[in-house]
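Structure incoming, see below.
Chain IDs A, B, C and D follow the sequence of writing; residue 1 opens each chain.
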Amino acid sequence: MNSVGKYFSDIFYGLKSLWKGLMVTGYYFVHPKQIVTQQYPENRKELKMFDRFKGELILAHDENNFHHCNGCGICQLNCPNGSIEIIADSVPNEDGKAERIIDKHIYHLSMCTFCALCVKSCPSNALAFSQEFEHAVFDRNKLTKVLNQPGSRIKKEPKEPKAPKPPTDTVPKSNPAN
Amino acid sequence: MPFNIYDFSGTTKAIDQFLYAKMPPTWAFITELAIVGLIILLFYAVIGLYLVYLERKVCAFMQNRVGPNRVGKWGLFQTIADLIKLLMKELITIRKADKLLFNIAPFIVIIASFMAIAAIPFAKGLHAVDFNIGVFYMMAVSSIGVIGILLAGWSSNSKYSLIGAMRSGAQVVSYELSVGLALLSVVIFSGSMQLSTIIESQANGWWIFKGHIPAIISFVIFLIASTAEINRGPFDLAEAESELTAGFHTEYSGIRFAFFFLGEYMNMFIVASLAATVFLGGWMPLHIGNLQGFNHVMDFIPPIFWYFGKTIFIMYLIMWFKWTFPRLRIDQLLTLEWKYLLPINLVNILIISFIVLMGWYIK
Amino acid sequence: MQEVELQDILTAREDGDYIINIGPQHPSTHGVLRFVVSLKGEMLEYVIPHCGYIHRGIEKMCERLTYPQIIHLTDRMDYLSAHMNNEAVSLLVEKATGVEVPERVKYIRTILSELQRIQSHQLWWAAFGMDMGGLTCFFYGLRDREKILDIFEESFGSRLLHSYICPGGVMNDIHPNFQKRTKEFIKYFRKKLPEYDELLTGNIIFEMRTKGMGVLSKGEAISYGLTGPPGRASNFACDIRKLYPYSAYDKVEFKEILYTEGDTWARYKVRMAEMWESMKIIEQLIDNIPEGDFTIKMKPVIRLPEGEYSQRVETARGELGVYVVSKGEKTPYRMHFRTPNFSNLFVMNRLAAGNKIADLIAISGSLDLVIPDIDR
Amino acid sequence: MEKEQLGQVLSELFPSLEINTSQDPVRVKADTGSIHSLAMTLRDDSRFQFDYLFNMYGIDREDRFTLVYYLESTIFRHIVAIETDLADHDNPVVESISDLWKTAEFQEREIYDLMGVSFTNHPDPRRLFLEDGWAFPLRKDYKDDINFIER
């Protein structure tokens, strides 16, 4: 008799457990407000990435096309994947001394792993991450980018004690080069 | 009977007489066959496609998603776009596959469900054939489909397919029993196997209400067993995509795959409409005892709506099961059938026979 | 390897075995892992795991990279425990160079590790439910995981591979919203976690499929080196957080979840309970993060003194050991990772042989394998 | 057992061993030939009960190979690291301990695969990740002209 009781209590317990599960899915079926889907291409307008989002590397330029990169190559040394190449020139400045300036700051987006070591190690805070996230292109060569804009120059700052490095979340919103 | 205003038999009779008046009897008969065939074919395609859409929407809402929403308003044309895509895809031929069986397997599956549709009464006077052994016919025809599944698994020369097909064979053969016995309970109640008679017998109340608890038990068993028979989750062991990638149709592509896919959804439709017909009164409106006013209001809803409403309700239940439960294992599946469903069913039949003998059900 | 394998399969065929390849492209191996299984009907005769499809030679690559650069490679081993992997290397470098990190860093690291653990277990629950055939679980799991990933994204700029913890501290300070959002998440997830139980844990079908499947005794678990939730399900107390506390784990109260059954069900329950424990740990720490620096000044080029160093941490999947042989250079002479999944994988044959195909999927799901961690 | 005590008991039992207790964990330098018997004693002796082999790895020291075994007792919670030098750099061979710890079977296969150290009495001495005929990548003289970029 005991086994017969167990037989029916098994059925009852089983049905009860199944009913519990059905209630969970049933609850969400009748609560369409809880839908979490984001409809991507339509919500481009409202879609705003977080300020710290590591989209792609940029060399921050101000409105007068000045940047801070002096071509020291520390980012190139720190990059674990060789995705940064610095081509620097040496030009004489007003005092007649040879000064290292940047010719091309080449960035291979296809090799970048977004470890942020370049941004962290940059001594002149020239590098930053933009919030650009739509990287798809049809030609692989387009993923190799020159970060300094044509005609841009290094911004000469008056000699002053170096300010502490600001956190990386204060980066410019967009890269005008793109 | 007030719902005679929605009776289709007059219309069909008129068409029949018109055709026989214009043509020799043989031709009239052939024309009728062609018309009915064409209508069913169209109906089949439309229902099949929109069932896929319905399923995708239902599961999406259960999973906090929106489901298809790109092609057309609310994604209404998504499945049609899918069908066009499947039509244009390459039919991959499998080396060392049994070509003949490999090619006819999808057709067997689809023909089985096609034949079953013929006997479904959609409304009064709106069915292709009204066999006096309708229930028996539906059972017989719908189980032809498993032959197609077995052939597909065996002929595609793939181990995943073979395991899927064998699982499906074991599953359908055992669950056929429960489906049959569950239907038998209503046959005992109504004393007929003819679907139209079964519906007429429910004019004053559906069998699920009239038959007391035994009928409800039969209904639940029918739901479980038929879900298993049409290879849907949680009994989708024949496909079991997390185990066998796709089971019996692993090697199928393009429109051949679409046939299996459509066949599966149509089987769901057939099972749901059979359940609606037998247990929930088919196209019969809901009548409660002697509430004349309420009954009259119900009568004005056309029977075709009643029929589709009930069918969709049962299909929703089947979908609800699929999107909630994890899959059973093959031995548990057979345990469920042979140790639980079948004994309960047999005892249930016994009780029903006794009730009918004593006349204790609501007449 | 190819020839030997072929030979295996050929000789096996002569014996009449029914060999099936599950993977490398299969929905349930969660990556490029291959099980060669031999079947008798539905029953498994033996299971041979084959790995190496995504072997990248991280240990070799580390020999050419400086220690801060190694951090970003460890992300890519067990990508679901990225913080813990980063932390392991960072702790090792700090230990070797004799640097003491600020309290704030320790608190942040601990909170992140626990958030990462919850996130990883959520994904595991989602995928495990899917393996068992309950597809809805997948969406619920991912829905809640998104909340954690959003917290991560706001603070560190990336969702999966953070490279956030570095030798000497963390890359940048936590976002001002971090504490608020984490508390919101805990509040939210405390409501959602019981739903997981209702949907899957209590389900009769799920119970039937997991209870008593793939039982492993404590002795065998130790012998196989099974750590993490699978090890603790066999009553093997292997939680490094408890045994050798690092970061702020000595300041928090938490239970080490131990089950004695050692079956798939126990492995499932351990992870479910660990999510509760992780939330408790976070709640103890989140309001008490001390003020201070988020990093200390390390030398521009970090050189480890000559010698051999080791550091063990508890990732979401078990014990991760980092072993470095240094010759006093800025790059390690030899770097070795003892990864949890490597040991956990090879118990498959022992667990699954004699059960059914469906159980193979359930068991491999309950071990929660991350393939890049096996292959490295 | 504490480190010093452990070192003391070990040196009493194996007078020939080089034992270094100043480091964490205790490091023992063992003879290549005696590795299996030493491991067996450490596992089975009721004073040690090192039942958990949590790591083993090899180091290519250019003139020799070094294998390191990390053992832990799950009962007493003491750890020991056993080192052994394989002097023959061209053909390093050592006895397998996979009969003592199951996990050693696969760790040894990995070491063989990446380091080229052969293990005798191994039940399944195949490569684990790479194809047959591939050079052993973790050796210091490994060259790959295609995939290695010198900077």
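What we mean here is this: a residue touches a chain if its C-beta (ideal position, glycine included) is under 8 Å from a C-beta of that chain, and two chains touch if they have at least 3 such contacts.
Computed from a predicted structure; not experimentally measured.
Remark: among chain pairs A-B and C-D, C-D carries the greater number of C-beta contacts. Here the chain at the heart of the shown protein, by mean C-alpha position, is C. Centroid to centroid, with C-alpha atoms defining each point, subunit B and subunit D lie 64 Å apart.
Mean C-alpha positions place subunit A and subunit B at a centre distance of 52 Å.
Mean C-alpha positions place subunit A and subunit C at a centre distance of 25 Å. Among the residues of subunit B, those in touch with two or more other chains are 62-65, 323-325.
Shared contact sites, meaning residues of subunit A that touch two or more other chains, fall at 18, 21, 24-25, 36.
Residues of subunit C found to touch two or more other chains are 136, 143, 199-200, 203, 205. Listed by chain label, the pairs that touch are A-B, A-C, B-C, C-D. On the subunit A side of its complex with subunit B, the touching residues are 11, 18, 21-22, 24-26, 28-29, 32, 34-37, 39. Considering their complex, residues 13-14, 17-18, 20-21, 23-25, 36, 49-50, 52-54, 78, 80, 113-117, 120, 129, 167-169 of subunit A touch subunit C.
Chain contact summary for the complex, subunit C toward subunit A: residues 65, 68-69, 71-73, 76, 136, 143, 146, 153-158, 161, 163, 166, 171-173, 175, 195, 198-200, 202-205, 207. The touching residues of subunit B, when paired with subunit C in their complex, are 59, 62-65, 159-160, 163, 167, 233-234, 236, 240-245, 323-332.
Subunit B contributes residues 58, 61-66, 69, 320-321, 323-325, 340 to its touches with subunit A in the complex.
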